[in-house]
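Shared between the two complexes below is subunit A, which has subunit B as its partner in the first and subunit C in the second.
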Partner chain A sequence: MRKQLKRFAKLTALSSLLVLSACGGNQAAGDKEGQSGGGAVKADIGVISYISGPGAAYGEAITNGLKLAQEEINSKGEVEINLVIEDSAGKQDQALTAAQKLMNSENVTGIIGPTLSTEMNVVGPEADLNGVPIMGTSTTAEGIPQIGDYVFRNSLPEALAIPAAIDKAIEKYDAKKVAILYGNDDVFTKSGFDTMKKAAEEKGLEILTIETFQKGQSDYNAQLTKIKGLNPDLILASALYNEGAVIMDQARKMGIDVPFVGGNGFNSPEVINIAGDAANGLIVATPWYGEKEDEKVQDFVSKYEEEYSKKPDQFAAQAYDALYIMAEALKNAGEADRDALRDALAEVQGFNGILGEFSFDEEGDVVMDPTVLVIEDGAFKVFE
Partner chain B sequence: MLIEQLINGITLGSIYAIVALGFTLVFGVLGIINMAHGEIFMFGAFIGVVVTATFKGPLWLAFLAAILVTAAMGYMLERFALRPLRSKQGVSHLAPLISTIGVSILLENLSHHLFGPGNHPFRASFAEISFQIGSITIYLVQIVIFVISVLLMYALSFWLGKTKAGKALRATAENLETASLLGVDVKRTITMTVIIASAMGGIAGILVGMAFNSVTPQMGLSIGLKGLAIIILGGMGNVKGAMAGGLILGLAETFVVVYGNSGYKDAIAFVAIIVILLIRPQGLFGQKISA
Partner chain C sequence: MLAELINPYHLQVASFILINIILGVSIYITLSTGQLSLANAGFMGIGAYTSALLTLNFDLPIIVGILAGTLMAGLFGIIIGIPTLRLQGVYLAIVTLGFGEVIRVIFVNWESLTKGAVGLSGIPHMGREILNTLKGFGFDPKVLGLQNNQFVFLTIFLLLLVITTSIVMFFRRQNRSRVGRAFAAIKLDEKAAESMGINITYYKVLAFAQGALVAGFAGTLFAHVLAYISPADFAYHRAVEILIFAVFGGSEVIWGPVFGALFLTVMPEVLRFISEYRYMIYGLIIIIMMAVRPQGLIDVNILNWIKLKTSKRGQKHGTSSQKSM
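For the complex of A and B:
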């Protein structure tokens, strides 16, 4: 037993950067060292993020948010979190390999990530099977927390956000006819499209046309010219901000001046950076509003800007809150144990983070009120 | 509306054509499919963004810088990725292809580190100039793109057909050793070809940046594959074929959206390849190669 323990310690020392964090490994040997060390709960939290490839901007924001939260949490001394970060490159197979590595060789207590809903669809069941609590911070597609008891998310699902945005837009502009545009090679934008179509049908809107595009496309003129000819009152666009911003830029150049309603992926200050004035008139519902007059929010924004010299987007904010939720649950669990963490997570109610008041429902899904925003004069404002 | 779509199609097609011209030039001389061409094109676009957006330089400087940088990249590509393979005995004919794939991966990741992920806007006031004919808005950029592509095609045809350097190039394409025996500086000819092809990629990159206001590290891949499709369509190594193939593809993609389903936009290029390979394997303008 002793020899085994020794070997374990050696292994963890090799594989993880911090010897301090060896509690995960020891726990497997039946020892709960997580509680020792001056009362702080020490835990390894695995992170699977989209760090390289076309969506690397998301991974960057997410890991930035996590690191900021980690610093703050560890300095408070109640919980000591060590992040073990792995790259999924936005690919399902790589995300799964990373997850297996984290669960089996790194022995993490919980996992944050992966970034995409497509990745979560393969990683979630695996984590659930191994009994490792996993929390998505950006997985907004339908059915994610329903994968299993150990799967959570703190990202506002599209099914809540999109109808809220569409409602407000109809009210304000008295919209009757809409055109829908979506990326058809991504589960996330496709799921957003399904939600949009359903919401539009429920509201009795006339859908003039449904156009598609692919990730990384640069020319949208053909689709937009077609939409322009149909004269919609609103354009519903399920796109990630990289494509979405270019779409708006080309649409405005072409003389399409109707408002756009976007999903979660469209909601980023980068839209304004990329599209400039063309971004005016984008309506999104969001859990994250950086201009909110709230001490916590402003604190986070200024710290983030100081550290990374750019404004945090919702991906950074959601990741930041996610680690705080993890820390809260670890504190309540009192030890770095996977099952105890799961139970403590499920009990999180009325957590007050930078996204507002947050609770998990019985399935591990999000309960919160989205804010509807619109871009006006180059800035996000509350849409009324 | 139809005319606007026609303009969209021609703009897109002209860009495809310029990319394909670079492809076809390298293939015609070296018999190599240069998979790094798309990434060199992407670098050209990024140089444009850096000059106009970061340093607020004028547009002509952006063009000049992009041409210089991509030409230098072309030289390095030839010097370090292609030439070492050419002189060796027993190197598989697939080796240069794999080598260029390696360069393309390197360049994509390099640009990722240099310029960062995500979309970079191309802010050039020139790209905003437009005029109105009836209800149709035409951007000056769209016309410039078309004119440049036609000019490049003619310049290239003239250069290949009528000048001494072009003759040397064709001789090299015919047979490397014989040309060398007859006094053609083969090394120089090949290097020059790759440099010219790369510089054309750089020009295309800036044009795309201006027309669509979208520059990302990943844009090289899809345009590279389209370029490949076009030279198969038009005939490998054929200049007029590249031009015609590009325009056909650009128009076809646009009109698939107009009359059909935009989901099939990207499929059209590859359906065209299959059909062409079945009916006319040498491509629209290609000559039959007797084995």
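For the complex of A and C:
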């Protein structure tokens, strides 16, 4: 009993130490805020990102992209951005508390993030009420910028990407009949499916069947056998890359050789790693194409590779552009004021970043042309 | 003066702590009869969805939604409780875990009603509704020197504080009543309890239904504080999270899950300064805890020790606590 008590006392001491040091951290962050504009516009930008948990790879790419952009922007001297990065662990309640912390304790001028559309559904309305401009870099679901006047995004929504990919595929393969396959227990793939179905109906395609699967499923033979029997010209698959790659692999083994059209979540080099040759014939629309022969793009790719020793994906690229858009708006606003930043953001037109030419529409949604890519001989190529 | 002290961030974290404490209490109730139920996340989901759908589709006041959601969860608790309580230990855990998953899958697939995996957004927010109602009476938070959002979070916090305190007090009181003694007897030895004339089916179903009711209530609060819910919120992870509150804090006395919920909700926030490493530390703390105190942090001995310490310092603390616990 005594021993246990001693241990308990030690634990209490340890945890109170942790609490104390946490307070210390907050203090330091608070001191940084008192800043006044000299030559450059100084601003704190909060970042809410999915840094720990199963989706930490997204958060890592996003924060890497942001840090790279921050370095470049600050070295130019027109705008000085201080990033305050918080983790959301992919949970809505954590994202909300992180946002509250950024808005109320850190007094940031604007927020970049959060990573998931579900998180944005919770954080967006709160930021909008508080009058803090917030920009999602990876929130592709429908209805995000419509949350409020202060909510923006620079991530290509599925509503733009999927129809673009379907259009090109119809053009090339003269497709008339399609089969749709989607994961129904994930907000991302479900929302992608809604867009796919709408797009297919609008373009007068005959939908032969709609099949569903669940996250983490490993056997798709039942769905694929049915699809094979109906003999579609195209398969529209709203899947994340881990399930999508397995689906393609099993489909090819079964002798289904029609092209697949995927959403944004299907767009990953991992598909090629997992499915190998079976990945050939996957068509996706993406805002980001790393092989593009553009000075800015190649510059970004080489810098990113140098810094983090891996190739940037679309999340890194979108985050990188997002901070540049923020910086541009801050420069135009001339001061680190939330309302001025919002107005300046809304006016961003024809911004030329690594994703191509970018503008906000009146709702704060994306106006840009996606690039349609296809996997051929084990590599992403521009789909002509 | 008041305005400077109130930070919505702290109040937001405090609100989540209070909701988690209610969830901790919900699992404590079933555990106090020696049953391990993992269905609490499912009951929470039933409460949250019932209340959210009623307020969204029929424009009912939040309070009606909360009551309906709570009762609905309690009803399910009785319906599920009667057949499953023939099971014990790990078998009951498996069945209740399955029930939770079934509920989640229903939320995912009943798309016409629940919008599937996309979730329900735009659920009326408790604090904002209160503010709007008060504004209707001509009240302005500026009278108190507060901004709108400070006032919103302050009201939510105070409301939850009152609710949570009453729930904890109620179940502390129940523990010392005939019902509580029956629960304890069943936990220690079912056969012996039965031979002493305790109707064990009745008390077990009662505990199960109470747990469901309280979990459903926490779910309704969760929906109206977050203003957005999706089926993923009520998945297996949530069930385990709730269980950890009781396992970490201790399930012998009600203060165990209360402390567990408090500590485990505060920790990720406090550890924010080490960003991506915070969940590692969080995991480490749980592992150390389990190795050092497998019965949970707070048990009867600790409570007695705390009582002893406080009563040594001054009699005024010790007078009322003679029978507490």
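Note that in this section the second predicted complex is superposed on the first by the 342 of 384 C-alpha atoms of A that agree within 3 Å, B and C clash if a C-alpha of one lies under 4 Å from a C-alpha of the other, contacts with A are read in each partner's own complex, and residues count from 1 in each chain.
Note that a contact is a pair of C-beta atoms (placed from the backbone, for glycine too) under 8 Å apart; a residue touches a chain by one contact, two chains touch by 3 or more.
This one's a predicted model, so the numbers in the text were calculated from it and none came from an experiment.
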Between subunit B and subunit C, more residues of subunit A are touched by C
*Classify the contacts of A:77 with the two partner chains as first (subunit B alone), second (subunit C alone), both, or neither.*
neither
- Query: A:85 contacts which: subunit B (first), subunit C (second), both, neither?
  - Reply: second
According to the stated criteria, A:184 is in contact with first (subunit B), second (subunit C), both, or neither; which is it? both
Going by the contact rule set out at the top, does A:94 touch subunit B (first), subunit C (second), both, or neither? second
Contacts for A:56 in the overlay, against subunit B (first) and subunit C (second): which applies, first, second, both or neither?
both
| query | Of the partners subunit B and subunit C, which touch A:275 in the superposed model: first, second, both, neither? | reply | first
Q. When the two structures are overlaid on chain A, which partner does A:250 contact: first (subunit B), second (subunit C), both, or neither?
A. first
- Task: Using the touch definition from the top, say if A:218 reaches subunit B (first), subunit C (second), both or neither.
- Result: first
Which partner chains sit in contact with A:378 here, subunit B, subunit C, both or neither? Use first/second/both/neither. neither
Residue overlap on subunit A between the subunit B interface and the subunit C interface 52-53, 56, 184
Given the complex, residues on subunit A that touch subunit B span 52-57, 60, 184, 211-214, 216-223, 225-226, 228-229, 242, 245-246, 249-250, 253-255, 270, 273-276
Listed in rising order, the residues of subunit B that touch subunit A in the complex are 1, 4-5, 8-9, 11-12, 109, 112, 116-121, 123, 128, 130, 137, 139, 208, 211-214, 216-219, 221-222, 253-254, 257-258, 261-263, 265-266
Counting only contacts in the complex, subunit C reaches subunit A at residues 7-9, 12-13, 16, 105, 108-109, 116-119, 121, 125, 128, 148-149, 226-228, 230-233, 263, 268-273, 275-276, 278-279, 281, 285, 288-289, 292-293, 297, 301-302, 305
In the complex, subunit A touches subunit C at residues 1, 4-5, 7-8, 11, 15, 18-19, 21-22, 25-26, 51-53, 56, 85-87, 89, 92-94, 96-98, 100-101, 103-105, 118, 121-122, 125, 129-130, 141, 143, 184-187, 189-191
